[in-house]
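If you scroll down you'll find the structure; I have some questions about it.
By written order: A, B, C and D. Residues from 1 in each chain.
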């Protein structure tokens, strides 16, 4: 049996000895104030074990990681019909690109681009009375932690400077792929991005993707088995913007990153793992987060490939 | 234990009852003459079992499937240096696109685009005295079948009409990413594409990707464990052109398709499976091949996700 | 001496005999209500003659034609510095495209794309206390007609549905090429587009571009000689979106079109001519307006080439 | 009356006092050997005057300037049908780009891109028995100089290294817009590019575009009046690759440049002017050639605008 605690401590300590590269996300003023040297890890297994190291108790903004939850909730409501509104193909372009939309008649290539997530928010506004609250409740349920909250300061900070996202949602509206008021969609999206979690809450939440879509106690079912498998496939092919291929190549796990410096990954039927370190590489993914996961799957020999 | 024989027969029979859509690849005159209704399957497991159904004994042109072998041989020689010449990111564009190359200074986004495979052939010309023969020998070794051959008629047919590939190799040369004579690179690539196999030979060959890079008898080692894992990752993210995301989503196995109608896929540590049916969907992948694999992974519940 | 009156009447009558193709601009609700069969022409020469035919007295929304005035006013204030904010190259793309902006760091290819005009409006907000009023006054001065007005109903109609323009201005802001509040820029732009004129007012206004930048009485000087020449050059290369080359080829005059169905063109040192007919071809330019001008320059043999 | 001799001498001398920027075209080995400091000018008027200064008697490779002749000869044979094979829109992209072709089904945006010129050569192979000789004869006729020749050394140099052009012609063939053998089209194109002229021969040749399509003595008619006008329009909008707008803006004359350092421009009904200086700016147009023409039209106040 793999001695996860020893492995994660060893890699964590090793990486601390080396300089971390990259910058903290600067385009969101509030996020720019985070301590760049933070580094936390939590691993959670489907047989109920939890392992952690470093700053795993500190909260950070999950940002784009929330797109997996947004997609899961829209997918479970609409099923395959959802793919008429958003594709499942890797785009080969940065997360906030507008270029391909014009060519594709407003259908975002994948649900983890900002454009795709905005369309998913539009769907959620159609199917939920209060989607913002529903998403928060779902995170509380699947993590088993009722203390998870939005961070209104981060949300306000992003809303005030989010010109690119305003551009995207209006562009999508002009192309006919947004039904609700653009402000509603924009606000829902940025509120959800502002959700604050620590590494353990994040690892626990994503354990459902390792456990056929449900919590370990079986009380909450986010997705069915087949949907869970498909969500993992989308995470693998689209979870890291134009670095998705590299992540699959170097780490070999489905996962999702956020510009807050968080990365969460899943080994189906086995575990979920959350890593947080705020310095981002040039593709917008956590520099140390990627390094950690690459060394973790090498050390354990555990990946989907 | 899964009763593979029953399952593959059932799906095969079911699909035969429904009309198959799409057209046989027409741009290669020789391939256009293939009987469109052929349909064969072979499954090969790492504990040495073989299951087949339908036209599994008939030979077909493996075409782009050979790119996996080309890449494996270049990768094992150059290691990570290879990625300076070709990326590992899904491109989101068709297999023979020139568009992104211009933007990327001649570095193909991934090794399974035609551009990427041509660069890989250029590498093989540098590292092997007779790369054409070396590739054939490797296929004979890993399949355990010395009868595998090139099809010179198919190769000649493609060479005579391969304007797009001539364009690609010259374009790459003009961008500085081809060192050898363009004719040599072009000829090596199309000779390799012309290799002819039946479903069993193909399944047996790809069993190395399910078995840590080596044959079951351990006599031939194509790649080491870590390289094998990475090859599977590249197959998953890039193996199906701009349908890679869909294949991951619907099938959930690393694999590779060819315009000859073949698809081969792998469940690491378990099996390889080859399906052949010449009608192609609009993305250039076997219509029935995709359907078969989708139903196969649903029926068995076996996928990487 | 050319008998302009006879020529314009003849072409006007001829074209009335043939069916007009295309649709009235539908994306602006207010414009969609215009009578599609309207057809007016006015020619104004630098020796003070005026010729008209058809519905030349009826007012229409000048829309994008205003971009020439916006540019002229910004150019005369900033001089060549203006070209650091917007280029003068034809883009080869539709008028409301976002695609190239991303690639060009937010510098619109030319000032007659919507993106370019929004940047020009941003400049005008910097250099004028009340740019909206200044533009209206300039039109009144150079046309000699104090009755020219904004159409607040058209402006309101466009503002309510102008998602694409909201997207553009926010996108430009995110790329650092808008300094003022996005709402201010957006409102100024759409207010100016709503200016309503008849064919005679439009022809008279553009006579300055045929007359070295000043009115015939010399009382108002919009641009100096060299600036006027350059403005005409930009109209020729960029005045008709992705149909600019065709217009130069078939008509051979600098000019500008608007989705209200107006086209105005200039023969430097000789005349200006305004044509109005609301049905648009697929490129967004007046179908009959183009036909008229093509036949007019063929009949008179007068063009810049 | 304008004192052309004094003006061209003055500008020539002035520019010689300032450093010339840019590099001689290096991608064609033979052209790279040219003396970078050469600088010649010749102006030829439709009333039969000739003015020259500097190295006007030295021969240089006209390169892309030949595209105007190729187009003229194809256009006079096919008329408007030609535009089904090649567009007349500025592309906004560099001269040797492949990007837009894929999107436009193999129809080059304009006849002065390399792709466009290759398609025009394909047309000429269809309509002439010996197009290479016919083009040379036409240049001899309209320049009145039987001594004009191909430069086989330059042609051979380009053919040996012209990977990008091989790519283009094969790409066009694959997209269905080349009918003849790719080698024939490629060879015709590069042979024609190798034509060697001095500034006077070039100015005299292009005088037909200022003189309604015919030579001053009326003995040779290359194009009719209407075709000449249209050729000038295409030169204006497409003659300088992605610097066409700038040239129209700064110079205000139809013209064409070549990587040999030549530029020729025309004022319809008045004159043609050829400038040669081998250093190229980053867009591939002669640095001093552009400066000269900009100052020339400013000094004389003569342009089409």
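In this text, a contact is a pair of C-beta atoms (placed from the backbone, for glycine too) under 8 Å apart; a residue touches a chain by one contact, two chains touch by 3 or more.
Quick caveat: nothing in here was measured; it's all calculated off a predicted structure.
Least step count on the touch graph, chain B to chain C: 2.
Chain centre most remote from that of chain A: D (centre = mean of CA atoms). Mean C-alpha positions place chain B and chain D at a centre distance of 47 Å. Chain A and chain D have Cα centroids separated by 55 Å. The geometric centre of chain C is 32 Å away from that of chain D, both derived from CA atoms. The multi-chain contact residues of chain C, meaning those touching 2 or more other chains, do not exist; every residue touches at most one other chain.
Chains touching one another, given as pairs, are A-B, A-C, B-D, C-D.
Against chain C, the residues of chain D that register as touching in their complex are 87-93, 100, 109-110, 225-226, 228-230, 232-234, 236-238, 242-246, 248-250, 252, 254, 268, 298, 301, 303-305.
Every residue of chain B that touches chain D in the complex is listed here, in rising order: 97-99, 102-103, 163-164, 166-168, 170-171, 173-174, 182.
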